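By written order: A, B, C and D. Residues from 1 in each chain.
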């Protein structure tokens, strides 16, 4: 296993509609930015790994049409897709391709151009086959309000199991949105207070509009390479020292209406499994002490507390109690989502890769206005996909792990 | 080419109505039982996991449930607990709008099963519903033998 | 071992199509604005000087952004062709027999280095040969979209 | 790469036009079948790589609900939305890093459940090719076939002869979908003309089917099989979407993929060093172009190579003894089936379509996209060492 590092990152400004570009042109913007950030030429790229959730744009395998726009002409190109966690699964594809020794330098990109499709169409088609199967057996019409319908149960369970209350979600969303205000790539960039969030209409108790993510057009690209090349390319590469992912049964509704053994999407055992393996691979024994920054996948405010605990950074039920002491803020001991997180910008295929890219930028000291106060030697990124049943964890550091 | 946006766009569609899915039809037997208010779970003889509604494949053993064997159809009580819930304020079908009546959707786990699924809780005030609440199927007067027979639950007063 | 009896297959069908509105991008918008005026636009790569039609942002082989627009003659030559005896039903993807065979060709546009796939009419199927000269027949009413090019026909 | 990886077990379904089964049953059948051949179970698998497609399954996240059937529950799982051979490559790299020792790769699709050629039409450029609706899998292939035949004088009967060879071979392959009695040139030449020069029997059949492979790291291999099939070389490549940009008379991305695979595997002369070829020919003309791209004959000599009976089952360079994609083409599984068929030949387990000659090294090829736009080539080698 070879040491690998991220040496270049490109992220587009997330917006609700980029009607001035088609899909290949849009993703090219992130690719161009990543290549310039790594200061390399396209000839230095040995392979591409790409992915998105095509149901949202209505173009099957868009890299067949767009690959040439992204530097893939006459190069090896791999396509990986795993739902919301696609961006992180694509990135891990790049990590495997370089760490295995098959390729030296890989360009990887995740994206979604949701404005080309109706916003809920991708989500609807995720459950359509189960929904029509259950309807065939007399299941009543059901409208759990899209993705929120699944994650809202996490929020209720978290409140019941830990004593957390809804005002913490308001404060979490206010912190994340205010972080996003300093992030030039974020979709929603307004400095807001918890009171502003509390005033937004309730969609499904306990989640308000202010607690939920937008649907964005966004793309992210990264350059991953070997130790030898990374040290030539970047002053301070972001070393990718550990990664793993874990699949569980889809929560709430199994196949064609079957009962699911993923009884409560609050448990997220898969996240704990993946985190444990990723930390072990990175040589991290006590994540609560050794991790300095985290970018969990937080499309909904309550997840700012749930996932850091599932990433073993806090004991269960303790993360929200430490929130008021500012532990998770940009100037805190363990900044969480200094980028503003998925609740501020959500282009499905890019979101989970951006978590990794943001950790890399913080480690490289290239996060500009949103660079956190403390020194960041190690960081953990997390992607979530499917019906809360794919957890993908990546551990980065400012030094290569001992191999 | 719509005029209201200054950019040209071309419409297209993903004809999902042209897709079929083969389900294996396991719910046939399940819904027949509901007509007599009988809930049957399917058991994996490998690891003992009981699925309600029935599953055909056990994720723990990666095995097909042996549903030709009677002993793998387990009679399940109609009592259970609220694993989690939500009070739905808005609907998104046909555009986001406030609901006149707020349904309580729940994740329900029936006693002696190892799975959960979604349902709706009736006859309960918004401040009454809580995690762990004991509930019971609110059977219709004459069940039709359909999933709607066990979609509605009500509080279980006597334990 | 895995087969079911016909009755147990339990088929269900999708209940709604997913609708999309694809943004075509600035390059194709300029192309369509020109085709509305019955003009054919291509764009040239500054590195290898290849001219692409329809125009696109990137020259794949050079990985360079194309820059120089150029108006092209609405004609070209048949690079290759096929005689279609069936077509694909756009709704359900099944092959339907055609009453009369149609000609589909890959047409290299004069003055350009790329080719477009389009239909050839006003020609008997067996009369079409590779490298035959053809010209664009514009739609009676152009609207600034793909239908502006109605078809190609052999140049007299 | 010091570490070596081998195929230790495999399984295929019987490929059919409209299987009385479900997608999940097919996955479960081939996955557990392959594990059983290796004498192991789900507990021994470190990682699962699925190959399936959202636009074939009609479901966003087509692997979300195949966790149970593919044995990915509480495992490190991922999905490659390309032909299964690309998924096998990804599983191979996962093992090479040392993170995983045993990988399960499963590829499947059910053509009886998706609307024919629509999924490939939905991959086209949305501003010109798709609204014009002239371009799709068959018309694109027909345009390339016409160009190739014109340039090198390849005849329609040579295209038909490829189909005769492969569909006769398919008679000996119990997994094949097409198993046509008394195949002859006239059977092919009488089949329905779709887009000239492509006739129905010279194009792949819509198929329900699945295939699974178990890959293992060298230290684990000998506990799982006594006939390992080593992955000695692999290369893959993406070509331009625009037909006008491609050299239409050649398959450049096949040649580039093969060059990498040959270099890795130490293949100097493919005509001498490789004993069997399983190619993913969606259309019969493609097989002739693949002969040339793989270096089995000079450019334009694909037809002559076929006429010289070199690629027959008893020829010097047997191609597709299984019948190839013309015999069965479950998208996402077909490339895995090619790997599986080469492994079977090397292990001497191909039954009625086992080659008479000793097979030690084989080439397996997979394609993805219009007109073999993306291609992957594997070199597999048996052997005790």
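Heads up, the rule we're going with is that a contact is a pair of C-beta atoms (placed from the backbone, for glycine too) under 8 Å apart; a residue touches a chain by one contact, two chains touch by 3 or more.
Remember, it's a predicted structure, so these values are computed and weren't measured experimentally.
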Query raised in the report: Computing the C-alpha centre of each chain, which chain sits at the greatest distance from subunit C?
Result: B
Query raised in the report: Once you find the CA centre of subunit A and the CA centre of subunit D, what distance in Å lies between them?
Result: 34
**Report entry** For subunit C paired with subunit D, centre-to-centre distance based on mean C-alpha positions, whole Å
**Finding:** 29
Query raised in the report: If you average the CA atoms of subunit B and of subunit D, how many Å lie between those two points?
Result: 40
Query raised in the report: Do you know which subunit D residues sit against two or more other chains?
Result: 21-22, 24-25, 28, 55, 58, 67-68, 73, 114-115, 118-119, 122, 126-127, 131, 240, 242, 245
Report task. Would you pick out the residues of subunit C that each touch at least 2 other chains? Result -> 2, 4, 8-10, 12-16, 18-25, 28, 60-61, 91-93, 145-146
**Report entry** Numbers and ranges of subunit B residues touching at least 2 other chains
**Finding:** 7, 9-10, 12-16, 18-24, 26-28, 55-57, 59-60, 64
Query raised in the report: Which of line, ring, star, complete or other matches the graph of chains that touch?
Result: complete
Report summary line: Within their complex, subunit C touches subunit B through residues 2, 4, 7-24, 28-29, 32, 91-93, 143-146
Report summary line: Listed in rising order, the residues of subunit A that touch subunit B in the complex are 19-20, 55, 58, 120-121, 125, 128-129, 132-134, 136-146, 149, 152-154, 156-157, 160-161, 201-206, 249, 252-261, 263-266
Requested in this report: Going by the contact rule at the top, pick out the subunit B residues touching subunit C in the complex.
Outcome: 1, 7-28, 64
Report summary line: The subunit D residues in contact with subunit C across the complex are 13, 19-22, 25-26, 28-29, 58, 114-119, 121, 126-129, 131-136, 138-140, 142-147, 150, 192-198, 240, 242-245, 248
Report task. Provide the residue numbers of subunit D that touch subunit B in the complex, in ascending order. Result -> 21-25, 28, 31-32, 41-42, 55, 58, 67-71, 73, 110, 112-115, 118, 122, 126-127, 130-131
